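In what follows, structures are represented as structure tokens.
In what comes next, chain A is part of two complexes: it sits with chain B in the first one and with chain C in the second one.
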Partner chain A sequence: MRRHIPLIVLTIAALLPFAGFSTYVMHILILVFIWTTIGMAWNLLGGYCGQVSFGHAAYFGVGAYTAGILYAKLGMSPWWGIPFSIVIVGIFALILGFIVLRLRGPFFALATLASGEVMRITAENLVGFTGGSLGIMVQERTWVGKLWYYYIILLIASATYFLVKKLIESKLGYYFVAIREDQDAAESLGINTTFYKTIALCLSGTITGIAGAFYTNYMGYIDPNVVFALHDISIIAIMIVMVGGVATYLGPFVGAIIMVVLAEFIRSLPGLGTAYQTLFGILLIVIVIYLPNGIVGDFPKLSRVLSRMVRTSR
Partner chain B sequence: MFFGGLAAISDVSFEIKKGKILGLIGPNGAGKTTLFNVVNGFYKPTRGEVLLNHEKISGRRPHEICRLGIARTFQVVKPLQRMSVLDNVIASAFLRVKGRAQAEELALETIAFTGLLDDRDLISRGLPLGKRKKLEIARALATRPELLLLDESFAGLNPRELDESIEIIKKIKERGITIMIIEHHMKVIMSISDRIVVLNYGEKIAEGTPLEIADNPLVVEAYLGEEKGA
Partner chain C sequence: MVKLEVFLQTLIQGFLMGGLYALIGLGMTLIMGVMKIINLAHGELMMVAMYVAYWMFVLFHIDPYLSVFIATPLLFFLGIAIQKFLINPVLKVDSILPENQVILTVGVGMVLANLATIFFTSDYRSTPVGYATKAWYLSDYWKTSPIELSLSVPWTVSFVFAVFITTALWFFLAKTDTGKSIRATAQDPDAALLMGVNVKLMRVVTFGIGSGLVGAAGCLFIPIYYLYPALGGQFTLIAFVITILGGLGSTVGAIIGGLILGVFESLTSTYVGMGWAPVGRFVIFVACLIFLPGGVASLLRKKRFGR
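Moving on to the complex of A and B:
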């Protein structure tokens, strides 16, 4: 039964639009799947391979701008951004990885944080290329309704899910986890740690870039402070995976639902408004202390606590 | 091997004959683990070379050296903590075989060889020391090495575990694998080594058969005289 959960989730997700939701709810769902994709990508590098990146906005932004610049400078449809970003973000990730993967632990984290910020500032300053702080606006909207956007991002997210699952169940998965658990031991066992860390980073970055390219097409407007955002992209990506469950297949999806839905819910409460950031912080602290493997990772513990609460309240 | 101005090892030269067991002993801080790190590829020797079957391997990365046939265990054991015993060995088995099924087969065979078959699904983080040491050996063996470097695999074991580990070493030798072993446990090293090299303050002070070493006054003074075995 448990094995079928992903397929059940996918089926429900595919049928959801027929429930006749408002465009607002559809927007929320699209956001959930964008974040699921970013989260799963981050999880590959951070959760499974153990390289905690604080700069995934760099890949998201490069992907977003790939789509944006193809449109603004070359007059192409921004949808070309998705296939193009595979190459462009891939190369970008390779170059960035060549620099930052020499570092371990907190130093790697700091270097990735810096790289995200460097990209943001670069995009702001290369005004002739990126439009600077004015950003890029896509004038033509491909579809008025949300339906096709929803199915495209659902396709991207599910493809990511199955790709990650296939990879982790293979030799690559064992090598990633070995590197995470003990890089020196892994190296001594014949694992080319530099090579495999680079694969993890490039895959992780490229998938995030695809999400970025989709974002440009969906939102119709990008600027450096949105797509290269340290908190709103890089940090939220980490929080989603940590809350949902690091190194689990469905963790990022659960995390995305919680973060997106919670953010919207709290934002709508009068008087609370932007306090949702504080509540996220508190939620993250609670998770790290009591459920360090996230909701999916520590699900047995969570269900025990919940059932005990239900029993005592009767 | 110099770290800045400090010579951790200087002028240490020796040969290991294929299929034999070479013991490496010396007081703490003599440079034994540093020597392993040089052979294994974690350090590039500042002077000198390491040759495997007459081919220079010094300066290459540890994973390449493992591929070429040298496997090692660590003094402070390094299990892949959140993985099970079986998964630990599967990870290293992937070096030589393709496909998960084959890796699992090789892993199971190696685990059985080291007596850990019943524990194969236990998470390695929770294992007692004796089993962790066996896991270190099993993982190194799954890479099908020509030369196995064992760093204090007998430290902290109780008498029964010691006997089991000695049996495993003998079986490894029977398979034709060459072994170099760092040990403080005198009885063990004297009984299983074919030859012994003694280090003190980074220099080789003696080399010979166990009997020759036991009689060597330099060795006795530097090492055996200060502590009567373990």
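Moving on to the complex of A and C:
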């Protein structure tokens, strides 16, 4: 049964548009799958390889701007951004990895955080190239409805899922986990840690970049403060994985559902809308203290606690 | 001549700013040395102190420089509370990711920044102190001076305060028993524990002192800087760059690192453009990682042992 969960989820997800949801619900579903993709990408680097990145907005933004600049400067369809972002974000991640992967643990975390911020400031200041704070507007939308956007992001998300699963079950996955558990021990066993960390970073960054390129197509407008945002992209990516489950296949999906729905719910509450970051912060603190491996990762613990609560209430 | 004037003025400005940066960096380097974690809520703690100083000024007309003595103890206890009730429980929790404490501090920072936005709105504020735009000019003291240089009053006073606090901290760490215990914990927690140091208490105290230092820095910044809830993030980055630049956990390194960063940032904003100063920060950070991974502290160590 457990083995078939992903296929069942995928089938249900593929059939969902036929239920005749409103465009608002479709928008939420598309957001869920964008975040699932980013979460799985983050999980590949952070969850399996143990390199906690606070700067995935850098890759997301570079992917988004690849699509945006192709459209604004070269007059190409922004959909070309998706294949192009694979190359450009890949190279970008390689260069960035050369710098940040020299660091370990918390230092890596902060260096990635700085990289995201620097990309934002660079994009703001290179007015001639990126349009500065004005951003890039995609004038003509490919489709008015949400249906095709939904299927494209579903395709991207499920492809990412199977890619991550294949990778982690291969030799590479064991190397990643070995690096996470003890980098020095992995090194002494003959694993070229820098090489494998670079692979993890490039893959993770590229997938995030694809999600970014899709975002440009879907939203039709990007500016540095949106796509390079620290709290709204980088931190949310971490939270999705932390809430859903670190180093689990389905964790990012569960996390994305919870976070997107929660964000929409809190923002819709009158008076509490501006406080959503406080509530997210408290949620993050609670998760870190009580469910450090996320809902999927700590599911046995969670169900034990719940069943005990049910029993005592009886 | 004008070029030289601009250059010297930039250097002075950078040096004064560097002194304040050093104070921010010191708090972080102390916490990092003892606890081996990065406090990503560092800038947000500074923001809290700045709001304390701001409201003290607006409500009770207390000069921001006097608020140092109010905000520092306040932040000290806030830091202790964060360490005791949030970070300590996480240290015991068993998890896959070792960076859980860092992620936790992100959560704390988010809550602080957002609460400030809710309570104080995201308006830019500054304290209208009387001496904000006053300056000392070189030509007032030396009539025939070929070049004209100025020394801003609030910047200089803040710098002097920063130097004073840094000296007091050095005295505390080097001469008192508590300070020695903190240094011992930073060097080797297990050995310190065996020598009868209360490591747990030292961690709590260190987090308090680190927060107190950044709180003092916040009060010193408020006469010369404006204040808004989202300002924390950039100062966390500054503190981190200083820590890397100075060498991890080294207090002397943090002071030198702060001065280097201040001068460098001042040079970038004069000669490249105001908006590029944060990029300059990252450039110096990358250069340091590639050419001097141990930071300034590794150079100092080399000199001391004559290698």
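Following the convention adopted for this analysis, the second predicted complex is superposed on the first by the 310 of 314 C-alpha atoms of A that agree within 3 Å, B and C clash if a C-alpha of one lies under 4 Å from a C-alpha of the other, contacts with A are read in each partner's own complex, and residues count from 1 in each chain.
Convention: contacts are C-beta pairs under 8 Å (C-beta built on N, C-alpha and C of every residue); 3 or more make two chains touch, one makes a residue touch a chain.
Everything numeric here is computed off the predicted structure, so don't read it as measured data.
Participant: Once the shared chain is lined up, is A:L201 touching chain B (first), chain C (second), both, or neither of them?
Facilitator: Neither: A:L201 stays clear of chain B and chain C.
Participant: On the A-aligned overlay, A:I257 touches which partner chain: chain B = first, chain C = second, or both, or neither?
Facilitator: neither
Participant: State whether A:V246 touches chain B only (first), chain C only (second), both chains, or neither.
Facilitator: Second partner only, chain C.
Participant: Should A:S170 be classified as contacting the first partner (chain B), the second (chain C), both, or neither?
Facilitator: first
Participant: Quick check on the superposed pair: does A:E187 touch chain B, chain C, both, or neither? Answer first, second, both or neither.
Facilitator: Only chain B is touched by A:E187; chain C is not.
Participant: Tell me which partner A:L110 touches in the superposition: chain B (first), chain C (second), both or neither.
Facilitator: second
Participant: Who wins on chain A residues touched, chain B or chain C?
Facilitator: Partner touching more chain A residues in the overlay: C.
Participant: Indicate the residue numbers of chain A shared between its chain B interface and its chain C interface, in ascending order.
Facilitator: Common to the two interfaces on chain A: nothing.
Participant: What does chain A use to touch chain B in their complex?
Facilitator: 169-171, 174-175, 177-178, 181-182, 184-193
Participant: For chain B, which residues are in contact with chain A within the complex?
Facilitator: 40, 42, 61-64, 66-67, 71-72, 74, 78-83, 87, 90-92, 94-95, 100, 103, 139-140, 143
Participant: In the complex formed with chain A, which residues of chain C make contact?
Facilitator: 32, 36-38, 40, 86, 89-90, 93-100, 102-104, 106-111, 113-115, 117-118, 233-234, 237, 240-241, 244, 248, 273, 275-276, 278-279, 281-282, 285-286, 289-290, 293
Participant: Across the complex, what residues on chain A touch chain C?
Facilitator: 46-47, 50, 52, 54, 99, 102-103, 105-107, 109-111, 113-115, 117-118, 121-122, 124-125, 180, 230-231, 235, 238, 242, 246-247, 274-278, 280-285, 288-289, 292-293, 297
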